[in-house]
Structure formats: C-alpha cells, structure tokens
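Pasting the structures here.
The two complexes that follow have subunit A in common; it is paired with subunit B in the first and with subunit C in the second.
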Partner chain A sequence: MDVFSHLNWYSGNVSEDGEPEKSIPSGKLILVSDTLESDGSFLIHYFLQSIFKSTSNSNSSGGNSSNRGGACLLGLNQSLFNYFNVGRKLGYNLTTENGKGNFTFINGLSTPYQWIKEQRVQQLEEQGIDEEPPLDSISQGFSPFPVIQLTSDKLNNNNSSSNSNSSELVDILKKIYQEFIDDHMKRMAKDPKSKTLFIIDSLNILSSYYSKNKSGSYMDIINFLQYFHTFVQDNSKTCSLVILFHSDCDEDTKFYNMLKYEADLTISISGLKSGYSKDIDGQIGFIEKDENNLTFKKINPIHYQALDNTIRFFHLGSRIQ
Partner chain B sequence: MTTPLRPPTTFVRKVAGKPAGAGAPGASSTTTTTTQAKKLPNGCKISIQNGNLLTSTGLQDLDDILGGGIPVGSILMIEEDINSSYYMFLLKYFLAEGILQKQGVFFSSLIGLDPFEVLNKLPARITKEEEIEQDKQDVDSNATTKNPQDELKIAWRYQQYVSNEMSKQQHQQQQQASLQQNTFCHSYDFTRKMNVQSMIPEQIHTLSYSSTSQVEGSSPYRNLFLEIQNLVYKYNQEAASHPENTKVLRLALQSFSSPLWSNDEEGVIEFLHALKGLLRSSVSTCLITVPTYIYNSAFVKKISHLCDTVVSINSFSGLGGDTPEQFAEYLGLFNIKKIARLNTLSLSFHPDMLTYVFKMKRRKMCIETIHLPPEMSRSGDSKPDSSSSNKKSEDIVSKMKSGSGLLCGASSGGPAKSNSSLDF
Partner chain C sequence: MSVVTPNTSTFLKVFQNTSDNVGGLILLEDTIESSSQNLLNHMYSYWLPTTSKQHRNIWFLNFNNTINEYKQLSKKYNQCNFVVIDFYSDPFGWNQPHTITQGATSLLSNNLVQVPMIFKSSQHDSNSIVNMIQNVFNAVPAKLKESPILLINSISTLVLKNGLSDTCSLIRTLINYNFNSATTAATNEDKDKKKSIKGNKMETGIDGSLNRKKQDKTFTNIFAILHTDLHEMDITVSKELQYISSVSIQVTELSPKLKYSESLPHPYESTITLITKKRSGRVVRNVEYYYINSNGKVEFDSAESLESQIQEAEVDPTENLSFNLKLSEEEKLAKNNVVLPYRHQGNDQTLIIEDPDEEDFDDEDPDDDLDI
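== the complex of A and B ==
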C-alpha cells in the first residue's frame, strides 16, 4: 500500500500497464506537519518521485500528456545536494528534470539573509578590497544547474534595511510568490494541461525566523498563505501547494491551528507513542477538509518506514516483514 | 544498499581490516573505492551506510553510537547536563582529536571561559598498546569489570560463548593496534595533559569575548557568524587549491545561546540557519553545546530542528535524585534526541536504542548500552517502599523492564519527570 491508494489519489486515467494512474490532487493546500522525533521531509521526496516518475512514463508513451507535471521547491531547510542525492536513490535525476523544465529550486539555505552580504561587503571595505573575490569551488557549493537565490544580489538597500526587519520578510514573501507564479506560468505556456506542485520546506524558518517585528504577529505569513491558497484554488486544475511545518516549535499552537484550519488536507507525522523503533519510523495521520460542507474528516492513520531507497507504508499492526 | 539495518560496528571493522576495493557489496563499494583512491583528508573516512564523509568525535564509544562519526558539513548539538559538566569531556575529546589529526580547530566559549584554559587542559594521547596494558592493570585491581574468568550467574551454558567473545575482542584490539597508522579516532588519557608544543598554532583559532568588546546595537551572533564565515572560507579555499592536502576545520562553541552572552533568541535561530547553509558547502563541522535546561522545550525543539544530530548528557547526581541502585557503577544517562538525515532518505544511522549510560573510568569516559543485572530475589519489586528516592529508582527500573519509557527513548528526559505519585 502507499499514501496514494490510501487517500484514493488517482487521476482517473489508466496507465500503460493497466494500473490506475496515481497523481497528487490539484487545487489543494496540503500541510505536512512533523515533530523532532519523526522528520517529515521523506514525504517531499516521495511526492517529487511520484511527479517525475509519472512524467517520464507519459513522455515515453507519447500521446497521453494529461499527467505531465513539474515541481518548484523552496528549500530553506536542506541543501540542493541533499535533494539531489536522495533523488538519485529514488530513481530521478534533478539535473535532467531541470533541463526538461520540470524542476525549479529556490535556494533558501546558503546566505539566506541580507545582513550576511552587507557585513561581508563592509568587512572587505575595511580591508581595502573593493571587489569581492570570487568564491572557491567548495564554498560555491553544489550547483549543477542555475538555482534562484532568495536574497537579491544587489546591495541597494541601505535605505530599506533601516526601515524595519519585518519589511525584509515581506520582500522575501513577495519574491517567493513571484517565483512560484513565474514558474507556473512558464509551465502553462509550454503545456496548458501540465501540473505544478509548489513545495515549501519548511515554513518555520519563514514564520518565526524572519519575523522580528515585536508585535509578534504572523500577519505577513498568514496573508501570504491566504493569497497563495486563493491562487491555487483559482488554478485548481493545474497546481497544488505542499507546506512542511514543524508543529512542536511553538508553545502557542495558535499559528499551527490556523494552518490546519486553512489547509485542505493535513498530514501529521508523529513518532510512535511507544517510543523509538527500528522497524517503524512513525505514524501518519490525515485530516481532510470536505469541500462541500467544510467539515473535517479523519482518515485512518498508517505507519511508515523510510528505507534507503524506498518508503514502506503499513496499515496499523500489519508490519510483519 | 543491501542491508541498511546492520549494526555499524561490523562495518567499521571490515573496512579497517580489508584494503580498499574488497569492501561492502553493491552500490556503496563503488563510492568507497573511488574516494579512497583519491586519499581522504586527515582523520576522515567515508560512511559505509550512506557515503557521507565522516570525522571522529574523539571518543570511540560516541562514534559508534553516532553511526561512525560526525558528517563533515553538519552541526552536532550537545545538550549540557544540569549541575555538572560532563559535556566538557565530550567537548575536550572533540578538540583534542582535531589537534592530533592536524585539522583546523576553532574554539570559543560563550560564557567567558578563557579558551586557552580549555585548550591547555586537553587530554594526552594514549596509544593502544599502553591502553591495553593499563586496562589489564585496571582489570586486575578492579574485580567488578568484565573478565573472561567471570562466571555467569544465570544461563551458565553460555559461559563458553562469553569467553569466546572476550578473547575475540582482545584479539581485535591488538589487531587494530597494529593497523592504526591512519587512526580515525585516537584514545586519550584524562590523567595527563596534552603537550602544548604538539599543537600547530596556525591551525588553532580562538575567540574570547568580554562584555566591553561587543558593539552596541548589532547582534553579537552576527559578529560571531562573520568571524566563523571568514575562517570557513579560508579553509575552503585552501582545500580547493590543494585538494590533496585538505584540512577539515572543527568549530566548537561552548554554551551556545547562553543568555549570559546575549538574550537575542531570534539571533540564535538566524545564526544557526545561516551556519547550516555555510557548513553545507564547506570542509568544516561544528559542535555546539547548549544549556537547554534554561529554555522551554519549544525553543529547544526549534534549535534542535536546525541542528543535524542532537544528543544530551545528564548525570544522576545533577538531576537531583540518588543514583538508582542498578546503575551504581554509572554516572548518568546519555540520550540521542535527533538523528541526522544528511543526503539520505532514511535516518543516517539506525541505533538499536536511544538511551545509553555513561561512566568515567580513571582515564576516560565510557558510554555503554544499558544492561540490567539479573534479578536475584523476587521480593525486590513487590516490596512496598517508604522512602521516595528508593521509589524513584525502582520506577526507572520497572519502566525499563516493562519495555516502555526509557529504553524506548521517550524524549521527555526520563527520571526527572517520574515523581508523580501514581507512577509505579
């Protein structure tokens, strides 16, 4: 079994080998919440795998283009190298997918803050060096294809940085939104039926780490999410949004509850109640919002185990071998 | 990738024993051989489970627990113990190993300790032969340690098995001793100090803070980050221009996020996020010790999410209770709180359990798996107790016997929390 059959995620088409085709539903805001004991990032790799596998299948079969898809990933938590390496083990190559226009990466991990650049420039000025020396091959990091940087390269913001720190967050959110929309547009221009999956890994860094405004409100983030959710709903045939969120990072669960309320589907990953086990990594619970009458429905939880190059899912108590 | 679940120790031995190329089967062998041919940096090896570049913590027991060592490019966080400072031993092991491997070492104490106070008191290296020799003496003088002549109290039929195992172990130790030209992890003797002259001053970097040196207005974490960034870039550059002579840089920050240094909590998060990004493309690895007991659990989780591996160490005496009778020879508990997922889908390593016990031998620290002694009389468990401390110790033990709680690594710190009157 897997998540797709458990949630009945089928596109309605039948693939070549007679199996019904699996696909992530579009027009949804999917929240993946995890805890320290059980990391939820495996689901992101799992989703990427399902997209690229079905895409390559439909490519080889030629005519059936209804299942073409791509992904746009905002990586705040892990480096591209990590996604690339895991992808190789799962059977897809991010470089080739990028070459085909199916994958876009926004790098939110290396030099994620404007102050780092400002400080560096300031320091170099003190040493009397005008031009920043080019970075060596190691410091540049792993970049087999061009990625989008979260911070802008130009240092024009002597004025804007003095404004307030919350404006930096707004700038970044706007940038993320813009990049996502652009990516979607590009893919739509190629093939109006193609699907795009937006992935944010993880929201915590955006929600608490950037927002230094003393009022402590999450308003900027909430606005961003609502705006984005509306966009996804407007394009309900062609895109979905997946958000990874660590649910145990705030004493005040207001923001988490709000996220759950906003999301169409909440996938909550938690460790086993009985503690650590080598055979089962944790439990996945689902809460789905019914579109018609806006009620929430619980779906039976399942267990999972992430192995080196595959993920296994089990009904509760069915893990035998 | 045939068997990811095998215990790491068997893997380690195989590699030490066999030359490159005769390694594990499957996909991993190709990576192993190609990179070994390239010659690894000092004190590094390739993880057999996932191909990450590892460097040692300086303590063999800890390396074994953490799946072979610390991956280069990751952050290891140690939660400091309350009312004692056993974490300092781990920190010193880490620094000493860096110096012996001729790696770059950066140390800064954020609670105002003079860095040279620590660096001058690092433990001295002890060779395997010496260690075996001294271990023998210890065994002779100390009857309680394990000994092939010890008779099993129950299951005596396995006596043969035990002595076989013991002799195998000794044999391996000797074999390793002869092999250890390219040691991955040295042994240290805390009764002697490391010779200061053996350090290479160009590769030792320290940073000390006084309250006056901090610039008003700017976050001290940003300044610290700038210093570290410069250092990391320097080592990266050397490694990029002389790949055959790569030196790994070890960063160690003591009492990171201590409010005595700065109470800028957002700064902590920001710093760690930026540091993670910096380290991921570098030849550096970082160890931070954090006094987590100061903060609420939510903030600690926030920090932990940004680090790669999180472990905690706590002594029984520091926690305030008496040492449980069954653990009389141990000093405290060692927990794994988070296991890294570095370039892997699954966990980077799969430990059998998350809770260990540690003790200090005369020269070194030992972290061991929990073994409970066989129950001698049945009355022990059911006898009602009046003293609360006794109840507490039985509480831990009974929990462990029932298989819940501690052994399974519930993250809530175990013994400290178990004084509810309803708990048996």
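== the complex of A and C ==
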C-alpha cells in the first residue's frame, strides 16, 4: 500500500511484472505542504524514484507503454549533492538519468565563491594578474553534469526585457518559468509522448526576494503559479507541477490557503496529533479538487514511516507489529 | 414533517429576477472547509442553459480559475455562451507585447468566434478593470447584454491586490455604472475615458431617498465570492463587504449538534446564513441547510423546519416503562403545596439578608493586643 494505490494513480497499463503501472497524473498542480516536525522532502525523492523506475521499465519493454517521462527539479532548499546522495540510496543515479534526458536540475542556490567572484577578478586586476587557475572541482560546487544556474551575475545585467514594473522577484520567477518550459519543449521534441514532472523544492524562500508588489511578494508568487497552472492544463497530457511548501513558516495562513485554493491536489504532511511515535513518523492528508464540479473533497489520510531506503505507508491504525 | 420545497428556499429566491430584487451586491462567503462550489454549480444549472426558464446572462470576472474550467463549464451546458473577462492567465503581461489598452476592434476580431467569449487583460487596478468591462461591453452582441449578472470570482483576490477600500469603490462603480450610456458619450467625445466616466453621475444614496435618480444600471446584480479564510487576520474585510451588500450569504460549517447528530432527515453539507436587506429597509436573517440528494442535485431545508422536525422527534421518556413514573392528580396537588425551606411565607420570595449597618471593616489595628 502506498500513495499511488491510495490515490489510484495508475496509467492503466500493466508493467512487465504484471503489476499496474504507477503514474503521477498529468495536467495537475500538486501542493505538498509539510512542517518542521514532519519534513516532506521524502515525497520528492519518492516521486523521482517512481518516475525513473517507470521510465526505465517502459524503455525496456519496447517503448509500447506511454509512461515515459522525466523530471525537472528546481532546488531552492537543498543542493544537488543532497539529491544525488539520496538517489544513490534509493537506487537511481542522477548523472545517468541526466544523460538519458530524464532529469534536469536548476540550481536555485548559489555556488561556492560565486558571490565574491567579481571582487576577486577586480582584486586580481589591481594586482596585475590576468587570470588565475580555475577553482578545484569541490570549490566550484558539486556538478557531475551540466546544471542550470538560477542566480548568476548575468541576471543582474540582463534587464533589457524587463520594464519598470518588474522587480527582482518577478525576474527570477520569469527565468524559472522560462527554464521549465524550455525543458518541457526539449523533452517533447525528443519524444512527444513523454511526461514531465516539474518539481519546486521549496516555495518559501522565493518570498524573500525583493518585490515591488504592494500586496507583498506572495501575490507575485501566486501570479507566477497561475501561469504554471494554465500551462500545465493547456498541456494536460504531458506535464504536472509539484510544489513543496512549509506551512508553518508564516504568522498567518493566508498564503497557505491561497495555495490550497490554487492547487488541484493538496498533500499535507503533518506530525501525529497524539505525539511522537517510534513506528510512525507522521500523517499525510489529502484534499482533492474534483475535476468535474470543482468541489473540494477530502480523501482519507494515511500514516507513513520513512526508513533508510524506503518509505512505508499505512492506513490509519493498521500499523501492527 | 414540513420540508421546504425548492421554490421557497430563501437562497434560490435571492437569485430570482423578481421585483423583490434590490439589485446591488450579493456577497457569497465561504472557506475551503465549507465551500460554496456546490451552490454555484447549482446556480449555473439554472442560469447557463439557454433552454432554462431562469436563463441569465453571466459575465465572469475571473481571478481564480483557469480558462479551461470555463470552457468545461460551457461544454457541460451544451456550448452555452457567456462572457469571461480573464485576469488570471497573464497577470504579469508576459504573454503579450506591452500594450496598455486593447481597443474594441481588436477584441472583436480575436474573441467573438469562440464559445465562451474570453477577453484577457493583464491590468488589475480598478480603473483598468472598469475600462476593460467597458471595452468588452462595446464589443459584445446585444443578446449577451440583457440584464446581465456580473460574477466576480473571487473578490478576495481583488481585496488582496488592491486593498479593501479600493475594492469597495470598484464595487460601487460597477453597481451604478451605466456602460450603455457611456458608449454614446464616448462616440461624441472622442472616446475620452475620463470624460465618459464623469458623464455618468453616480448615485450611491440609500434606496428610497427623495432625490434618487432612476438610473439605468447595466448589471442587475454584482455577485461576488469571498473566501474568508484568506482574510482571517483582517475581519474588517468581511464586515465591510457585508455592509455594502444587499444580500450577504455565508456558507459555514454545520454546528456540532447537527454535524454529529444521528437523526437528521438529510445529510447536510453546510449551513447557509442569508442576510437580506429589503427595499423597505428591513433586514431579514434566514438560516438554511443544503444537502445533495441521490440525483446529485442540491436541496435546501430551512432551520425552522429542522427545529420543528427535531421537536417532533422528542419522545416522552416516561412512556413504555415497566414501572410507573407518572404522578396522579392528588400527588401533583400535594407536590405543588409543599413549602420549600428558604421560600419564606410561601410568596416565592428569595430572602436576602443584608444588614447595611453591620460593617466588616474594623478600624482597629489587629496587632494592638500584642504585648511585645
């Protein structure tokens, strides 16, 4: 029993093992909210694992099934190093997946020494040295394959397309949107039937960028998600968006509620109401927006336990040892 | 057992285009927990199909839903036509070259072919919204302009973007503005926006005041949806909008008594509280409950009918016992004649003994008698 069986996320085909093929539904904006006491990033690794597994299965079965796909991950919370290592534990190699075109990483964090690069160049010029030997690979930052850098020196100079209304935040959001769309187009160009899962981990830090919006940076982020939602619904067979959001970071729940209204499915990961338990790490609740009549309906929550190499899911009360 | 039939449900009466209809703002408040979507879908089933007896022209000001959802809505009711002014899809203006306004002619060529009619705008300030509606009004065929209802989904977004007072001014403008007369004024005065707005004198006085000009308001009603869980820190939002509304409808969770009750006639979803301001000035408050019947349709029960049902269900506990708990006439008489202690003189007075002369306060120093 896992999230896929609980939510009935199947593609309808049967894989080689005779089991129904798991598939994250496309055309959806999925919000994953977590708290400090119950971290939700395990779900991202879980989704990545499922995508790479089903893609490799469908490739080996002769390309008949339509469950090929890839992921484009925007890392604003963790570095690539973290995802790479977790991937190794869970059984997939991000470098090989990138080589196959199944994985793209957009680094939202800065690389080491990036912020003093300009000063260093100036300092060297003053000293009369033209170039210095490049940094060693560790200091450059972990990048076993080419990675798209979100924040760069170029971004500050490239204001030709922005008018006076845009701010730092809007520029960053536009760049993110553009990168995601480009990645989707590239994957579609190679294989029109493939599905892309956009993952943003996590949304909170974006609000700290400077925004000129008088209602606050959150309105800009919501506007940005509206573009995404429209794009994902226009391309409803070929992409979906998963957003990780920490719901306990703000004083009021306004932004969290706005995200819940926006999302097609809200997966909320919280601790157990009864306190700490050795066998259960927390509870996962679901609120789904019905496609046909747009009403919100709650799906029964489940419990989970995150182990070293796997995650176990249980129906409420069924964790018996 | 009295059950309120759909025709007399207060909720449905609000939307019937009768002489009772005061016009103005109808405010619908909901939360994620108690959503109004079922009620909206119910109203769409009356308004949208062209064959329906209660067909109305709906103009959507869209801030919250993807365009896809409106296309699906139109498909659901046999490709019915309505107007959608879309502020959702392109809030930053990334999808279009930088144009400040879209003239009526460009709207005509792009959007009149599709069903439903969708007009996009990137400007969200109040002036641009009014101008956009004016442009759309000029462009759209007359059939869609007959007593339209303007549905703002949702007004929470407007309040969050533009602020509460700005939104209230916008609502007042939309209620009173005559977009029709503005077209003739515009052709005369060279399409100058400012002049056309001044050409419409706006009366915002109380209904029934002596000097009230009979205005031809374009929109019969402004129907606005407010999500109160987006304004939890600021209760003035909800209060202010309720104040300027003609009808205020709140969809809230059932009271615990009803939620966990085992003897409800129907499985109610939510409570609906309607505050209606009549033309005479009287304010009426109704409470109803709605449930979804086996056909998937929404039905209403009023609170009074529910109370009477619950009262009828109360059974006398002294019946059906193997021993007798009832009193005979003699026993009842004797019981009434018992003089209870502390009910002095049988006059049912409660005796309060209070002596104002006796004071508890002692001026003496209690330590006086110490001999140190």
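Criterion: the second predicted complex is superposed on the first by the 272 of 321 C-alpha atoms of A that agree within 3 Å, B and C clash if a C-alpha of one lies under 4 Å from a C-alpha of the other, contacts with A are read in each partner's own complex, and residues count from 1 in each chain.
By our rule, contacts are C-beta pairs under 8 Å (C-beta built on N, C-alpha and C of every residue); 3 or more make two chains touch, one makes a residue touch a chain.
On a predicted model such as this, the values are computed, not experimentally measured, just so you know.
After overlaying the two complexes on the shared chain, residue contacts for A:M219 are found with subunit C alone; subunit B is out of touch.
With both structures placed on the common chain, the touch criterion links A:D248 to subunit B but leaves subunit C unconnected.
Of the two partner chains, subunit B is the only one touched by A:P112; subunit C is not. More residues of subunit A are touched by B (comparison of subunit B with subunit C). In the superposition on chain A, contact is made by A:Y261 with subunit C only, not with subunit B.
Contact residues on subunit B toward subunit A in their complex (touch as defined above): 1, 4-5, 50, 222, 225-226, 229-230, 232-233, 236-237, 239-241, 266, 269-270, 273-274, 276-278, 280-283, 296, 298, 301-302, 304-305, 310, 337-338, 341-347, 350, 352-354, 404-405, 407-411.
Residue ranges of subunit C in contact with subunit A, taken from their complex: 32, 35, 37-38, 41, 64-69, 88-92, 94, 98, 160-162, 227, 229-233. Of all the residues in subunit A, the ones that touch subunit B in their complex are 35-37, 39, 41-42, 45, 76, 79, 81-82, 85-86, 89-90, 109-113, 115-116, 119-120, 123, 135-142, 202, 204-205, 208-209, 212, 246, 248-251, 274-278, 281, 306-309, 311. Of all residues in subunit A, only 163, 166, 170, 174, 177, 215, 219, 223-224, 226-227, 229-230, 233-234, 236, 252-254, 257-258, 260-262, 287, 293-296 touch subunit C in the complex they form.
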